[in-house]
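Here is the structure we will look at, set down as structure tokens.
For reference, chains read A, B, C, D and E in written order, and residue numbers begin at 1 within each chain.
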Amino acid sequence: AGNPPSSSGPEPAGEMMVFAAASLSGPFTDLAEEFEADHPGTTVRLNFAGSADLATQIQSGAPADVFASADGTNMDKVAGSGLAAGDPVPFAVNTLTIAVPPGNPAGITGFNDLGEPGRQVVMCAEQVPCGAAAARIEAATGTEITPVSEETSVTGVLGKVASGEADAGLVYVTDVLASAGSVEEVAFPEAAQAVNTYPIVRLTNARQPELADDFISFVHSGPGQDILRKAGFGAP
Amino acid sequence: MIQLPRWVLAAAGLGTVFLLLPLAAITAEVNWGQFIPLITSESSLAALSLSLRTATVSTLLCVLLGVPLALVLARLRFPGKRLVRALVLLPLVLPPVVGGIALLYTFGRQGLLGGVLDVLGIQIAFSTTAVVLAQTFVALPFLVLSVEGALRTAGTRYEAVAATLGAGPGTVLRRVTVPLVLPGLASGAVLSFARCLGEFGATLAFAGSLEGVTRTLPLEIYLQRETDADAAVALSLVLVAVAVVVVGLSYRSTSAGTPAVRQ
Amino acid sequence: MRLDLQAVLPERGIDVSLEIAAGETVALLGPNGAGKSTVVSLIAGLLQPAAGRAKLGSNVLFDVDRRVWLPPHRRGTALLAQEALLFPHLSAEENVAFGPRSAGTPRRAARTAARYWLDQADAGGFAARKPAELSGGQAQRVALARALAAEPSLLLLDEPMAALDVHAAPLLRRLLSRVLVGRSALIVTHDVLDALMLADRVLVMEGGQIVEGGPPAQVLRRPRSRFTASLAGLNLVEGIRRGDCFSAPGFEIECPPEASRDQFRDGSQWLAAFPPSSVLVSVVNPSGSAGPTRPTGQAGGRNVLKVTVTDLEPRGDRIRVGAGELAADISPAEAADLALRPGQEVLFTVDALALSLYPA
Amino acid sequence: MIQLPRWVLAAAGLGTVFLLLPLAAITAEVNWGQFIPLITSESSLAALSLSLRTATVSTLLCVLLGVPLALVLARLRFPGKRLVRALVLLPLVLPPVVGGIALLYTFGRQGLLGGVLDVLGIQIAFSTTAVVLAQTFVALPFLVLSVEGALRTAGTRYEAVAATLGAGPGTVLRRVTVPLVLPGLASGAVLSFARCLGEFGATLAFAGSLEGVTRTLPLEIYLQRETDADAAVALSLVLVAVAVVVVGLSYRSTSAGTPAVRQ
Amino acid sequence: MRLDLQAVLPERGIDVSLEIAAGETVALLGPNGAGKSTVVSLIAGLLQPAAGRAKLGSNVLFDVDRRVWLPPHRRGTALLAQEALLFPHLSAEENVAFGPRSAGTPRRAARTAARYWLDQADAGGFAARKPAELSGGQAQRVALARALAAEPSLLLLDEPMAALDVHAAPLLRRLLSRVLVGRSALIVTHDVLDALMLADRVLVMEGGQIVEGGPPAQVLRRPRSRFTASLAGLNLVEGIRRGDCFSAPGFEIECPPEASRDQFRDGSQWLAAFPPSSVLVSVVNPSGSAGPTRPTGQAGGRNVLKVTVTDLEPRGDRIRVGAGELAADISPAEAADLALRPGQEVLFTVDALALSLYPA
């Protein structure tokens, strides 16, 4: 934090603020560490929250340099307010998968099982990205799910599944990987029909535009993408 | 005729402004042209109605559990009372999400009482019952605090007189204690009701969010924010208005009742 | 009904034992903090003793050894304290009906009983009023009716007149003198009048213990403590029997005619009590001889105390001359003749006929 | 020696169990083998330290603003007082997220005061200052309620005596009023501190979640839930423990202080 | 300093005007609820009047017309009420030093002043104690020292002795009689003794208004209201002048020798006051003639009232015979001879020499 301000040398240095979707908290923490190691004298501050929260915060004048959203809708809100410097670029995709409690007590085998009556299924509300993706799959497969709860975030779905409250939930592949064994995955092929794309952009009020661009490049670079792959994200 | 130093008035003014400006700001954000359609959409009305219904039931539960708790804390001496009181007041300071998780681990299928409830055929999670439990959990301490305070203020002298006149504990409670603390009970109930109305985190973590069943007004607001900030702001204002009315009522009833208990 | 009490409560320094016969009214006197209210609370069941036992009629109120403790509502005692403590949310009539209702009396009958007791307490006129609309004296009368309506086996009165003004107090006192007749009752009071008018027997408490007891007239005529003497308005002198009669430092009294000779044993502690009105005041002449204020029945240097005037207080149509613990009442004319002022040395001559002498 | 009817004891027991079971359940979920490493990770310690620092500053602010507010509400009569009190107590019943949004609309760059603050070069949102403001906003009513109650209980008689002895309003406040309500003030401050510690929704919405700057313990718990449920549960327990200690302290100081004010 | 007060407060039914001369101590008497405490609060600045003005020395305390209102701490009045209200968190000495400290006296000097006033109030021994460790009487003495240490221009005392017991009250009264000399003070009291011992002048309040006033002895010797008469321990009879002298229903009194003839105008309202000790009690014989208890100075049917005994109360070494509003004090021996009991018809014969007669 006590670093001198930028442009003290050829390499940009200083403190930069990255607003990233909560689902990115694992890989982006690692990304930031690597980036700091590659750019001595820089600090990457990470603000994780739901994409919609982040969009509101940015619109309210948050001092963000970079915004990494979990969907296009919230990115469009930011871009629509003229706060995006340039076009947002996709840097990762995420696919839905079925999370079940350890041991899969309800014996879920595929997406069609979720439509069966009597299943306690939890998914995201359509208003949030993961819910929108699920709706697209429902439409594509013709399977209609009657969820017992339409959560406002993936975290909510995970919590219900991990505690065994729900028989199954629709979450991202990355969430299952991150959950460290508190839920198990039941993969299903139809997931490919609703891929969620994560865009990233530098913001117009960025105080460290060069650093921001460097960071975005790093996310797109080989090492950056490796980190995302490890967390379960796909290439855009 | 007590006077207050000027800086006290200034600081009080500053405090009031600090608390009121955000309300003004949110009011200023409202898209008034769309206000009525936004707050009368089907999902908004469903959420409002669910909130009012669950808050009413929860408040009733708070009274039924909270008045006895307050009586025990105000009137009895027993070892460990201080610890019990600290624990009872905990939900007041616990982040509601943590409270919701804890409820999940208690009443959920895999929870502490899961087996028992399963045998009884009771399914709490994802039902309106879960909303009521979450609200009761966070609002109960408000009621206990208010009623305990009223009980301490009222003192035990009237109760002692009633007992010497031959009134058993039940009669004393019904005919003397409760009428005497009625103002405190009313204001506690109203505060609890307001807290139930505003409950968000514990409900989200424990009960889920399904329109008409578990999605109360605060959850609806949170969800609307994802897509329609105008609707979220409009609904927030509805919530603020209901809360103001309810808290205002609480103070009306308190001050109207105060003369009943004279020290 | 008869009460037998023996109770110890060390936190408050209480160790008492007392009994009240069936139908007897006992006055409990004593200075502030003596433990009077504590005794009342112990009987009413509002405090738990550390040791002891109590029985009211055939009812064991408590017995610490046998771990018996009856809750207040089963004791059949009703309590009236300094404050009326009428239930503020009930009308006067509902307040009075509270006891009968609690005992299971049907609403109508309880109402009738309430009316009856309100009338008995000269409070029939306020039946419909709320306590907030009653004056202190009215409220206390209603509270008395409420206590009586509970038909207690023992009525407990803890300074019932203490908070009333000079007009309301006599009214309540008169009322009490009517209703206490033949009733088992314990009345705590600071006022000797209450003891004399209302009680069959007086107990005096000091420091948590009963220190004196007996019929009111006897206790007040032959007080054993300064507290009781000051209540009775008597001068009390401690001394010993010497030679023929009573002797205290600087004070010798010839035996009154009625004191039988054999009562006196040499060197034993005795008390002398005499009313201020039986004292003659005279100034000490520069020559040492005294000019009495009026001719005294006794001759010589006996019955005479040399004292220093400490204060002068008008008392009705007399002037009270205070000299330390002793006092004399003289007429304003006499006071004027003597030109009394605090600090002056005077002689108090006691009328031997007004003197009570008794073993300490 | 007041007795309570049996069903009151039963209901009080039920209420206590209802409030305590969730705490037991969450304790049971803790992975005790990993407990120490989980709660001593760098990010956990950063969050805990930030929480303790901000809660301390916020509590101080609550005292500075809340005591004057309580004084005004308890001691002065003015038109609209009931409304002011209802509004002042609003954060108590407002969903914290709504409060956070309202704060953003007030102190954010685009907010009501944004222009003014910009000119002054002050940037509040997403700084530790924002955390403090969010915490103060939600905790202030706790302090006002406690102190106002204590002021009403203490009455004005001592203050009146002090004034007739020649003490001006400032002297009365400093030498009489504050010492008299010290127990209530202490318990209010401790409650506020606990509420600050638990604050989540308003902080997230208004201050964001920056490690070491705005990510307090509750936010860290929320974030850990995404990746490491064990860590979240362990941290929740730490928060519960701190809250219990703090609320317990509050009641110790209250009861120790009670004799100071005798009616 | 001189006080001039004129104040109206309709909510409490108060409309008073009074003044206190520099150095004068005025006693304010009156029944409960008369408004005495309200007057004190108005002077001290704890209540705001609806109309009126007040001046203390050259200080305008308030003037509603001119919208002047001085806050309490600028008035130079100090208040001592029924409860000591010592600041519980300060020691006795710190309590007493509170006034001087508030006036800006340095710590050391304030401490010295506190010691001085504590000694003046016979409370020097408790300097270091906390109020909780003081008895009621001790606390009240400290509170008096605290009030005096503020060096008030006017000392306000609202029933300072009301909460004290029979031992502590005289001590404080004696103390007050010493410190009030030459001091401007207003003392509210229920007790006639206070008025006589402490006050230069007495005011009597009833129903929010001053109804009587004058030197204590005069007010008490010639009371105009039943309230004042009962305070003074006098019987008061309202009647009219008829023929030669005073006449009331069933009661005729010959003029006392000193009553000058020209004072009597036919038909005007007069009052007769006489002490209970000047009344002879005699029983009504079946034949209608009376057997007096002792020879009376007056002959014939005059000065005689036929009354019904309502109660008997021992009073020190006398017995008070109550008959409605009237009372007579007789000796126990006389009472025994007459075999008096409530309900009995007796004759009260008034000693004309003890009678005060004055226009109403």
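To be clear about the criterion, a contact is a pair of C-beta atoms (placed from the backbone, for glycine too) under 8 Å apart; a residue touches a chain by one contact, two chains touch by 3 or more.
Fair warning: this is a prediction, and the values are worked out from it, not measured in the lab.
The fewest steps needed to get from chain A to chain D, moving only between touching chains, is 1. Shared contact partners of chain C and chain D, listed by label, are B, E.
The distance from the centre of chain A to the centre of chain B, with each centre set as the mean of the Cα atoms, comes to 35 Å.
Chain D and chain E have CA centres that are 55 Å apart. For the pair chain A and chain E, the distance between C-alpha centroids works out to 87 Å. With centres defined as mean CA coordinates, chain E is found 24 Å away from chain C. Across the assembly, chain A contributes 53, 56, 159 as residues in contact with two or more other chains. Multi-chain contact residues, meaning those touching two or more other chains, occur in chain D at positions 1, 3, 101, 105, 111, 160, 163, 168-169, 172, 222. Taken residue by residue, chain C touches two or more other chains at 45-46, 71-72, whereas all remaining positions touch fewer.
Taken together, the chain E residues at the contact with chain D in this complex read 44-46, 71-79, 81, 83, 85, 87-89, 98-99, 102-103, 132, 146-147, 150, 156.
Listed in rising order, the residues of chain B touching chain D in the complex are 1-5, 7-12, 14-16, 18-26, 28-29, 64-69, 71-72, 75-76, 82-99, 101-103, 105-106, 111-113, 136-137, 140-141, 144, 149, 153, 156, 159-160, 163, 168-170, 172-173, 191, 194-195, 197-201, 218, 221-222, 225, 232-233, 236, 239-240, 243-244, 246-248, 250-252, 255, 263. Interface residues of chain A, counted against chain D in their complex, comprise 17, 19, 22-23, 25-26, 45-49, 53, 56-57, 59-63, 154-155, 158-159, 162, 175, 178-180, 182.
Interface of chain C with chain E (complex): residues 31-33, 135-136, 165-168, 174, 177, 190, 192-193, 196-197, 220, 227, 230-233, 275-278, 310-311, 313-317, 354.
Chain D contributes residues 157-158, 160-169, 171-172, 175-176, 179-180, 182, 259-262 to its touches with chain E in the complex.
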